[in-house]
Structures are given as structure tokens and as C-alpha cells.
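Next up: some structures, all given as C-alpha cells.
Shared chain: chain A. Partners: chain B in the first complex, chain C in the second.
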Partner chain A sequence: MSATGWFTLLPLFILGGASIAVMIAVAIRRSHALAVGLTLIGLALAFASLWVVAPETPRQVTALLIVDSYALFYMGLVIASTFAIVLLSHAYFERHEGNPEELYVLLLVAALGSAVLVASSNFISFFLGLEILSIALYALNAYLHTRRFPLEAGIKYLILAASSAAFLLFGMALIYAELGTMDFARIREMLTASPGASQVILLAGSALIITGFGFKLALVPFHLWTPDIYQGAPAPVAAFVATVSKGAMFALLLRYFYWSGSHHFGAVFLVFTVIAIASMVAGNILAMMQSNVKRVLAYSSIAHMGYVLVAFQAGGRLAVEAVTFYLVAYFITTIGAFGVVTMLSNSEREADEIADYRGLFWRRPVLASVFTAMLLSLAGIPVTAGFVAKFYVIDAGASSAIWLLVFVLIVSSVFGLYYYLRIVVAMYSGLHEEAAAPSSSLLPALSAGGGFVLAVLTILLVWVGVYPATLLQIIHSTVGRAL
Partner chain B sequence: MDAVWPIGLYFVLVVLLIGAMLVGSYVLGQRHDDRATGSPYEGGIVSEGSARVRFSARYYLIAMFFVVFDLEAVFIFSWAVAAKEVGWPGYWEIVIFIGVLVATLAYLWRLGALDWSGEPRRRREGKAMPQKL
Partner chain C sequence: MILIWLIAIPLIAGVLAWFTGKWSKQAPRWISLIAASIDFVLGLVLWSRFGSEMRLAGNPRWVEQVNWSWVPQLGIRFHLALDGLSLLLLMLTFLLGIISVLASWREIQDKVGFFHLNLMWILAGISGVFLAVDLFLFYFAWELMLIPMFFLIAVWGHENRVYAAVKFFLFTQLSGLLMLISILALYVIHHHLTGVYTFEYESLLGTRLAPHTALLIMLGFFVAFAVKLPMFPLHPWLPDAHTEAPTAGSIILAGLLLKTGAYGLLRFVLPLFPHAAHRFAPVALVLAVIGILYGAVMAYGQTDLKRLVAYTSVSHLGFVLLGIFTFNSWALDGALMGMIAHGISTGALFMITGQLQERTHTREAGRLGGLWATMPRMGGAALFFAMGSMGLPGLGDFVGEFLVLIGTYEAHLLGLTIATSIGILFSTFYALRFVQAGFHGPNSNNWSVQDLVPREVVMLVPMVAILIWLGIYPQPIFNTFRSTRQKIEQYASLHVGPQQAAQSGRAATTIDTLPSPPWGRGWLAAGVFTSRREPGLRPPKVAYAPELQRRSGSCPQAGEGVAEIVQKESVKSAQSADLIPENTK
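So, the complex of A and B:
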């Protein structure tokens, strides 16, 4: 192993080192601002290091990790999203009793796990990354451990994630038993080299692995945990679960199924088609029945993962770019939406009932406008990032002639409009009820960090929606080149 | 499917064996209902009080420390037996590993997790420091 091989892991080393630095800083002096500052410096250094290692790529580091432009792009996405979530967390936990400092250690560890996931080329690093991410998330979900709902969310997530990890491990074991390799690219070679391998065991292995992916991505029928955990977890943590954790997992899903060639099994393709349709339909229909904004966002994220699966099903280079573009738009929008929820929550409870948003525009016009933009982007209205992203997904689907999936996507998006617009309508109605607003207490001052994040996200949202060429160019030259 | 039949046979045999043991002891065994039949131990000293003893929360803390440090010993041991083969990269890896452990220990110490006796010694900035573990 040469020195430069290790050198390309610099972003991972910086993330790991930053989490230890924050932990020691907490031990020496307990200060919220200090912990946040160190975390942000660590994330900024890790982000900058992506450019330092970029000339060395692509490079396989040990048998486990591959650092290529695809991995670096997703690492950048993970790190930037964590940066935004740390700023939101600062605003959120500043209003709470107790010790918020360890939260940042956990966030850094979870970001490290996600970065390992997007760079894995082997079952072992896949599982290690998944566990680093999941174990940090158990604690993050239950961070406000004196309250009932976060504790419940943490325990639910612990039990379900642990059992899905067991499914995943068993699937990996079956494939290893049949093919004798854990390396994604080698699996493809072995599949073509040994036609005598038992199809039953390989398919069982793939099915169990799909279960593991399905759980983490909250695809129907593995989605039952999602609404409870989004509702229970603190809003910034819910944003992390919805974006970084799912995005990293989807990046790995793409790499695994395209590299290993398992995607071309007829049965695997069929299963993903069924899961995609079920996620789009169930996510959108169940979201209509919710009266809690965080639960609406949970079901809408289930539907969005179904949309991304449509692009995944299309296959090929266009699909990889469409998936990546969609994920970037989804990250911007979801962090923005949870950011607004974070900004409105006070130390007693979170602003998560639709009733809390009645007449918000007349009280907090800027915040309401930002939330409107985010919701319209989730619904896929033109001039927002969500529209362009959905356009590329449909484009990828149409070019591969998977008409059924494209048709379901379009029809279920129409249903989706209903529940997004319901929240929007609530925000602009009730001018006269302002005095009697039940949630007039839910008006904490907008903090500088949180306001900054929301402003940047809104600008990005419109910029990507109006002029997507820059982002497309970046995706084309990094992600498109690698797979 | 040919290769699977021994496992199927094994399952059947296990079920048969356990069934035979349960039914056999039920048929052959004697039944009686004396004064001490229902108590946990039929012979010896009569037990006192409830079996549901309350452990101090620190008991779990110590148990967790034991598991954590024991597992670390396992990793360091597995490095030690292969120290020559893995060479300098392996050495630096274990140095980083132990370094992280030391940092964690320092953190736990500062947090007061190692103060077994009642009140944590340090209460900084005037507010009580709840146990994180």
C-alpha cells in the first residue's frame, strides 16, 4: 500500500479526527459555540480536502474503499448537508435545556459513516459504513432523552435498523457462500464466469440485500418506521435521517447494483419496479391523510425515494446522472423544509401540526415564503429545483421505455400536489384569526446561522430550477464519468 | 435441492427427539403436589423475598465499561499476534485505535462517568451534569 493510496482517504481522516477533536473539546470546556465552531471547521476542512485528493482519483484504497469522482461528489454532498444541519441544530438546541455538545460528535460520526458508504466497493466496508452511520443515528434520534417521543423514536429505530442489518448480513453471506467474493466488481466477473452457481441462493441473497436497502431508504413495504421517527426525532436530526442517510445509501445502491450486474436479473428488476410503484402510490396517498407536517414530510420522502427508483430502473449513464440530480434537489428542498420546522419550534414542543402554520405568512412572511418555495419544489412546480429534477427522472425513464413507472410517477405526483398545497393554503389563510392563533408562542427569534442556511438553500433552489446547467455540468464531469 | 435434504432430515430428527423426550417424561414421570412443589427449589433453604432485585444504574455502567474495554482488548490482541506480518501500516493503525480509546477515556473521566461514589466531583458552570450513559 503506497502512501498516496492512504492520502486519498484524507476527507475520511479529517471527519474522524474532527469528531475526536470535538469530543476532547467538550471534555475540556463545555461550550455550545465552541463545539459548533470546531464541527464547522472540521467539515469545511473535509470539504476543501476533496479538491486536494481529486487529482489522485480514481484509486482503490485497500480492497475495501474506492475513491473516485463519484465517491468524492457524494462525499461533498454529505459534508455540505451536514454543515447545513449543524447550523440548524445550533439554532434548535440553543433553546433547549441540557447538554447539546455531544450531538455534534454524533453528527460527525454519522457523516463519516455516510462518506464510507459512498466510497465502498466491498460488502465489508458497506456494512462498516452502515453501522457507523446507524449507531450514531440511534443516539441522535433519542438525543432529547428526557422527552417521550424522541426516546420512542430512538428505540424504534434501534430495533428495526438492527433487524434490517441482520437481513442484509445474511444476504451478503449467501452471495459470498455462492460466489466466494465480497467485492462488487468481482461479483460481476464471477456471475459470468460461473454459470453453474445456484440461482436460488443468489436470488435469495439479492432479496435479503434489497430488504436492507429498502429499510434504510424507507421504501414500501419497509417504510413503517419512517413517520414515527420523523415525528419523534428532533427536527434537525429528522432532516439528517431524511437526506444524508438516505442519499448515501442510494449512492451505494447505485454502485452495488450497477457494478455487480445484479440489476440485470429479471427478478431483481421486477422487484424494484414493484417497490418503486408501491412507494410512489402509498407514500403520496398516506401523506394526504396526515395532519402533522413532519409526518407529511415523512410520507413525501417515501414517495420521493420511489421517484428516484424510477431513474435507477432506467439504467445506464443517463440514469446515474438523473438520480444524482434528483438527490441534490431533494437534499436542498428537504433540509430547507425541516429547517423551517426547526426555526419555528420552541423549547416546549416542535411546530409540527398544520394548525401551527395557519396564517404564518401574516406573522412571519419571510419564513412562510421560504417554506412555500420548499413545498412547491417538493411538488415539482416549475422554476424550482424539484421540477428540473423530476423532468430528468422522466427523461431517463422515457429513454429506457419503462412507461408504466413513468406513468405512475406522473399520476402520483398529481396526488402529491394536494397535500403540499394544503400546507401552503394554511400558511396564507386566516388573516383575521391572527389574534386567536393557537401558536402565537411558536415565534422564537430567527437565529443568524439558521437564517443563513435557509437563505442559501432558497437561492440554490431557485438557481438550480432556473439555470440547472452548472449543476448538470458538475454531475456530468464527476458522477457520470465514474460508473 | 439435492444438497438440502440432510438439513431437512436433521430438522425432522431434532423435532422427533425433543418430542420423544417431552412425551416420554410426561408419560413415565411421577406426579405429586406437595407443600414445596411450587417453590423455585424443592430442596435446601427456603428462599426469602422477591427475585426482582433492583440494581443500581451504575451496575449497568460498569457492565458497559467491561464490555467496551474487553472488546478493545480483543482487537489489540488480534493485532499483537499478527504484528510482524502487518508491519508499519498495522502499527500506525493500532496507534490510532489506542489513541481514540485514550481520548474517549479522558472524555468519560471528565464527564464523571468513572466517579463511582455518589455525587460527581465536578459540577461546572453551576449546572448539574446529567449522566450521559
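So, the complex of A and C:
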């Protein structure tokens, strides 16, 4: 193993090192600001190191990891999102009881796991990354362990994630048993080289692996945990579960299925089609029935993962770029939306009932405008990133003529509009009764860090929505080149 | 650049209005009024500068354009262009923009700044729709205008506003997404054929489509436009949205938003899919006539005056749809005139009901009545616009309806012509009922309210004047529309469609080649419509598709400077100008 090989893993080392540094710092001196500061420095260094590493790519580091421009792009996405979530967590946990410092160790570890996932080229690193991520998430979900809902969320996530990991392992074992390799690229070679391999076992293995993916991405029918976790977990953690953990998983999904070529199995394609349709329809219809904003976001994230699957199903380079673009837009939007929920929550409870948002625009116009922008982006309305993303996904679908999926996407997203509009309408209602009871319990001061994150996200949202050429160019020259 | 300003001015004014709204209620109103007026004046400048060009046959398609690179990776360009059709509709947009600012002067007292932000942004979005000739940009503007409209209804509307706003949004959004699929299908097919990714309108014009595919793609566009129009049976959002919206919202909905549907049919459906449009025409025509009759009957049955006016839109836009799918010059002219006149007369009727509600706090026919005694000036105005709406000769609506009827008759659609004429008869009922319910009869509720104030008179007088002008001397409108109309006809007459490219020797259906009935000529000769002969127009013979595709083969690169692109485009458009009328010179 050459020195440059290890050198290309610099971002991972920095993330790992930062988590240790924060842990030691917490042991020496308990200070929220210090922990946050160290975490942010670590993340910023890791982000900067991506450019240091970039000239050396693509490079296979051991049999397990590959550092190519695709991996670097997604690492950048993971690190930047974690950065935003750390700032939001600071705003959130300042208002809560208990010791918030260890949270940042866990966030860094989770980011590390995600970064390993996006660089995996082998089942072993896949599973390692997944477990690093999941174990950190169990603790993160239950971080406010004296409260009922976070605890419930933590336990639920633990049980379901552990069992889905078992499915995943079994699937990997089946494929290994049949083909004798764990390397994604080798799987493709073996598939073509050994036509005698048992299709039944391979399909069973693929099905079990899809189960594992489906759980992490909260695709129907593996979605049952999502609303409870979103509702129970602290808002910034929910944002992490919704974005970083899903995004990293999707990046891996793309790599695994495109590299191993198993995407082209008729049965696998069919399964993904069914899952995508079910996710879009069920996600959107169930979201319509919620009155809790975090649960709405949970169900809508199910639907959004269904949309991304439409692009995934399209296949080819356009699909990779469309998926990536969609994920970037989804990250910006979802972190923004949870950011608003974070900003409005106080030490008593989360601001997650639609009633909390009634007339928000007349009391907190800026925050409400940001939330409106995020919701409209989720709904795919122009001038926001979500519009271009949805456009791109439909473009990918149309290019591959998967019309059924495109139509389901269109029709179900109209249902989606309905519940986003419901929240928007609530924020702008009560025009004539503005003096009446501004629920004072939900009027925290806007913290500087959180406000900064929301401002940046909103600018990004509009910028990507109005002038997507830059982002497309970046994606094209990194992600598009790699797969 | 002037086209950019047309859109940018309302956008900027909206933001300014929002900020100033915190301190003053008057500032946003004045800012919006000034912005809309500047745009209107800019429109007049454009009209006076290019008016003469537009009336000539065979001139360039666009008289003015802006063409910037936007998302080169996907072949998306920021391409705005102006021709006669867009100019006329822009003038209507800014006129009604001014009117709706004035109409909300006293009605809107809450959150004045935010209201005007929405109002101005709707105007910007609608201008974008009328100017965009890149299909992505068009869709962008198409969706963009909905959001502020949604807020306008949902925040400042009447009792049932949220329901109406959401219904409006969902209808238009679903249909818009269907159009998006169609746009992308066209884009992808065009790429398969030529290897070029482009959303450019003129490049996509010649795309060869299998008949079945063309019909499906056309339907996507058609549904989006038919919902906006609204065509029976896609109209259920309309009565609610119009009724619940604040006055300015109703004026803009009826006057402008519905027109974007008709505009889309004229600009995109007919030229892009001429064959499919012909195949589909019987259905569209029948639905148009059903819409005319249905809208009229429903309007007559309403007790809510605003709802009554709302239903008349279904009827009037039925005429427009009928005119568009009749495909001949008369009908197309009639459709355009119908669009403009309906914008003004219905806008005015909404304004009057708004003023009534402001004073009496009711729109119920049963609770009104006898108002003439207390406000004769408003009664007179209401009577005038109701007469316009029912198609009284001498007013703009009549010209539109009459031309559509001639066109339909010419196209040998006798049954439809007769049914449509019955529709006109119905319109008399609802128009008279509107006046009678509001203003005639005994003043049994003892209303005593203020008559029109000077501000309201200032709003109504120009509308009266314009409606009369359109009614007795509509020729300037037709002149401005002529060049565009001829291009639409050339596509719609199927002689330049790709399949027929080789055998396009036959005459296009124009006024001059149609055998006109003597009474029609006589009527024209009476000088009401002067100079309708167009000796310059001869049947086009065009080698069509290959040329278009060659032309579209240049998608500018990312690094290209704007100046270069504009220059290049102007050269290109100068070449493309010769495309169709080449052999007519």
C-alpha cells in the first residue's frame, strides 16, 4: 500500500481525528462552544482536504475503498451538510437540558461512516461504513434520553436498523457464496463470466440487499420507522437522518448497482419500479393525513426517495447526474426545513404541530419566508432548487422512456403539493387576527449560527433554482465522470 | 434589453413595495402603480416602433429579442422574444395591471406591501409567459405566476378562500406537470433526431413526430392550456377561484391568466403539432361549443354576482377556443379580439362587483337591487360592460364573436355555428340579469351608498374608451397580429408540416383564397374592417424540416460571452426570418 494511497484517505482521517479530538476536549473541559468550535474546524479541514486529495484520484485504496471524484463529491456533500447540522444543533441544544457536548462526537462519527459508505467498493467496507453510521445514529436519536419520544425513537431505530443490517449481511453472504467475491466490480465480471451461477441465490441475495437499502432510505414497504423517528428525534438529528444518512446510502446504491451490473436483472429492475411507485404513492398520500410537521416531512421524504429512484431507474450517465442533482437539492431543502423547525423549537417541546405555524408569516416574516421557500422547493415550484431537480429527474425518466414511473411521479407529486400548501396556508393565515395570541412559548431568539445556516441555505436554494448551470457543471465533471 | 426591463420592473417594484409596506400603506400602491405604468408606456413605445413591421407579411418572426445562455448543459437558454401576439397581450397585461392596482386601492388594507409584492410578481410572471420562446423558460414562467396568485387568493380572498386557492393551484399544477412531460418528450425526441439538446421554440418547430406520438405530446400541452382557458369540463377551479379572489385577483385571473391558456394554444399547440391539432380539432370544437352554452346557462343560474361574471368567462373563452381550432384567418383574428375584449369587459365587471361589495358587503343578487337610484354612474358603467359582454355591436366583444362565427361558418361547421349563435342569445340573458339584479327594480333594501369616486371613474373611463375603440376600429389590433397570424396559419394549414414539405404547392387558407359569401364581403367593404386584403401573401413553398434542423445545430458553448451570443442570434434570426417566406418574395 503506497503512501499516496493512504494520503487520498485524508478526509476520512481528518473526520476520525476530529471526533477523537472533540472527545478528549470534552474530557478536559466541558464547554458547548469549545466542542462546537472543534467540530466545525474538523469539518472545515476535512472539506478543504477534498481539494488536496482531488489531484490523486481516482485511486483504489486497499481492496475496500475507492477514492474517485464521485466519492469526493459525496464526501463534500456529507461534510457540508454535517457542518450545517452542527450549527443547527448548537442553536437547538443551547436551549436544552443535559450535556450536549458528546453529540458532536457522534455527529462526526456518523459523518465518517457516511464518508466510508460513499467510497466503498466492496461489501466489507459497505458494511463497516453502514455500522459506523448506524451505531452513531442510535445514540443520536435518543440523545435527549430523559424524554419519552427521543428514547422511543432511539429504541425503534436500534431494533429495526439491526434487523435490516442482518438482512443485508445475509444477502451479501449469498452473493459471496455464489460468486466468490465481495468486490462490486468483480461481481459484474463474475456475473458475465459464470453464467452457471444459480439465479435463484443471486436474486435472493439481491433482494436481501435491496431490503437493507430500502430500510435506510425509508422506501415503502420498509418505511415504517420513519415517521416515528422523525417525530421523536431532536430536530437537527432528524435532519441528519433525513439527509446525510439517506444521501450516503443512495450514493452507495448507485455505485453498487451500476458497478455490479445487477441493476439490469429484469427482476431487480421490476422490484425497484414497484418500490418507487409504492414510495411515491404511499409517501404522498400518508403525508396528506398528518397534522404534525415533522411527520409530514417524514412521509414526504419517503416520496422524495421514490422520485430519486425514478432517476435511478432511468440508468446511464444522465441518471447518475440527475440523482446527484436531486440529492443536493433535497439536502439543501430538507436541512432548511428542519432548520426552521429547530429555530422554532424551545426547551419545552418541538414546534411540530401545524397549529404552531399559524400566522407565522405575520409574526416572523423572515423565518416564515424561508420555510415557505423550503416547502415550495419540496413541492418542486420554480425559482427553487427542487424545481430544477424534479425537472431533471423527469428529464432522465423521459430519456429512458419509463413513462409509467414519470406519470406516477407527476400525479403523486400533486398530492404532495396539497400538504405542503396546507402548511404554507397556515403560515399565511390569520391575517385579520394578528393580535390574537402569538403562542409565546414558541418565540425563541434566532441564534446567530442557525440564522447563518438558514440564510446560506436559502441563497443556495434560490441560486440553484435560478442558475443551475454551475452545480450541473460541478456534478458533470465529478460524478458524471466517475461512474 | 427592453424586454428584460418589462419583466424586471415589476419584479423590482414588488420587492420595493414589500419593504416600504412596513412604514406606509400608500407607498406600495404608488410604487406598483408607477411600475405598471412604466411598463405600459414601454409597451406603447414598442408598439409605435414595431407596429409597422408587424403588419407586413414575411418579416422576421421576432421584432425584438433577448437571447442569453442560461443552462448550457441542458440546452436551456434565456430567450425572450416579441412579436405582434405577445405585444398585444403584454399591453393588455400592463393595462389590467394598472387597473388592478387602482382597484385594490381601498379594498386592501392589511399587509399592503406583501399584497403588492404578489400583484407585481404575477404581472412579471405573466409577461414572462408571453415573452418566453424557450420552452423551459416558458414553463418556468408558467409555474412562477401561480405562486403569487395562490397567495393573493389564499390571503386576501373572501370567505372560502383557502379551498379556492388550493383547488386552483392543484388543477393548474397537475396540468402544468403534464405539459412538462410533453415538453421533455419533445426535447428528447428532438435530441434523438438531431443530436441537439434544445428547448428553443423555433428549433423544435420542425420536429418530425409519428402521428400517434404527436397526438399524445400535443394533449399534454393542450390539457395545460385548456385548464387555464378554461375549457369545459376542466373548468371547476374557475368559479371558486374567481369568486373568492380579491377584486384585483379576479381581474388578473379573468383578464390575463385565462389568456395565457389561449396564448399557449396559439403559440405552441398549433405550430408545434399542426397535424395532431387537426386530428384533435373536432373534439376541441365540440367542447368549445359546449363550454359556450354551459358557461352561459350556468352564469344565468347564479345568485352570486361575482360567480355569475366568473361563469361568463367559461362562455367567452369557449369562443376563443372555437376560433383557434377553426384554423382560418377570420377565426384567429376573432379569437384574438375575443381575448382582448374579454379581458377588458370582464375585468371591468369584476371591478364593478368588487366596488359593489366594498360598499354593500354582499354579492348576493337577492340582497341587492335598485341601486341605480343611489348610484347612477356605476349603474351606467355596469350596463355598458354588460352590453359589451353580451356582444353588442360597436363594442369589442362583438367583433371577436362575429369573426369567430364567420370563421366557423367558412370552415363549413354549420351545426357548430348555429349552436354558437344560440350561445350568444344566452349571453343576453345573463348580461341583462346582472344589470337587473344589481341595479334595476325597486330599492327594497333601502341602499344608500356612495356613487363612483373620481379614482374609480378614472379606472372605468379608459376601459369604456378602449372597448368602444375595439368595437368600431379594431384594425390596428389585426394589423399588429397579422404577421404572427400568418405564421400560425402557415403551420396550421399543414402545408409546411414536415410530412407535406415536398408537396406544399397548394394555397394556404387565407382570407383571399377563401370563397367569401357576398354579404361577408359587403360587410367588409362597408369599411368596418378596412384593408383586409393581403396581396403580398402567396402560398408558401418551403423545404422545411432539414433546414430547421441544420439551423438548430448550434448550441452555444458555456463560455461564450453574452454579447457574442446576442450577436450570433441576431444574425441567426435574420437568416431564419427568411425561412418561410423565402419563396414569397
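Note that the second predicted complex is superposed on the first by the 475 of 483 C-alpha atoms of A that agree within 3 Å, B and C clash if a C-alpha of one lies under 4 Å from a C-alpha of the other, contacts with A are read in each partner's own complex, and residues count from 1 in each chain.
Here, a contact is a pair of C-beta atoms (placed from the backbone, for glycine too) under 8 Å apart; a residue touches a chain by one contact, two chains touch by 3 or more.
Keep in mind the model is a prediction, meaning the values are calculated, not measured.
Would you check which partner chain A:G180 touches, where first means chain B only, second means chain C only, and both and neither mean what they say?
In the superposed model, A:G180 contacts neither chain B nor chain C.
Which chain, chain B or chain C, ends up touching more residues of chain A in the combined arrangement?
Counting residues of chain A touched by each partner, the higher count goes to C.
Quick check for you: in the superposed arrangement, does A:Y418 touch first (chain B), second (chain C), both or neither?
second
When the two structures are overlaid on chain A, which partner does A:G316 contact: first (chain B), second (chain C), both, or neither?
neither
Considering only touches as defined above, state whether A:P221 meets chain B (first), chain C (second), both or neither.
neither
With the two complexes superposed on chain A, say which partner A:N99 touches: chain B (first), chain C (second), both, or neither.
Touch status of A:N99: first partner only.
For chain C, which residues are in contact with chain A within the complex?
Interface residues on chain C, with respect to chain A: 70-74, 110-111, 136, 139-141, 143-144, 146-147, 150-151, 154-156, 162, 165-166, 169-170, 173-174, 177-178, 180-181, 184-185, 187-188, 558.
Please give the residue numbers of chain A that touch chain B in the complex, ascending.
1, 6, 20, 23-24, 26-28, 30, 98-99, 102
Report the residues of chain A in contact with chain C in the complex, numbered from low to high.
Chain A reaches chain C through residues 362, 376, 381-383, 387, 391-392, 394-395, 398-399, 406-407, 410-411, 413-414, 417-418, 421-422, 425, 428-429, 431-432, 467-469, 472-473, 476.
Applying the document's contact rule, which stretches of chain B touch chain A when the two form their complex?
Touch residues, chain B against chain A: 89, 100, 103-104, 106-107, 109-111, 124-125, 129-130, 132.
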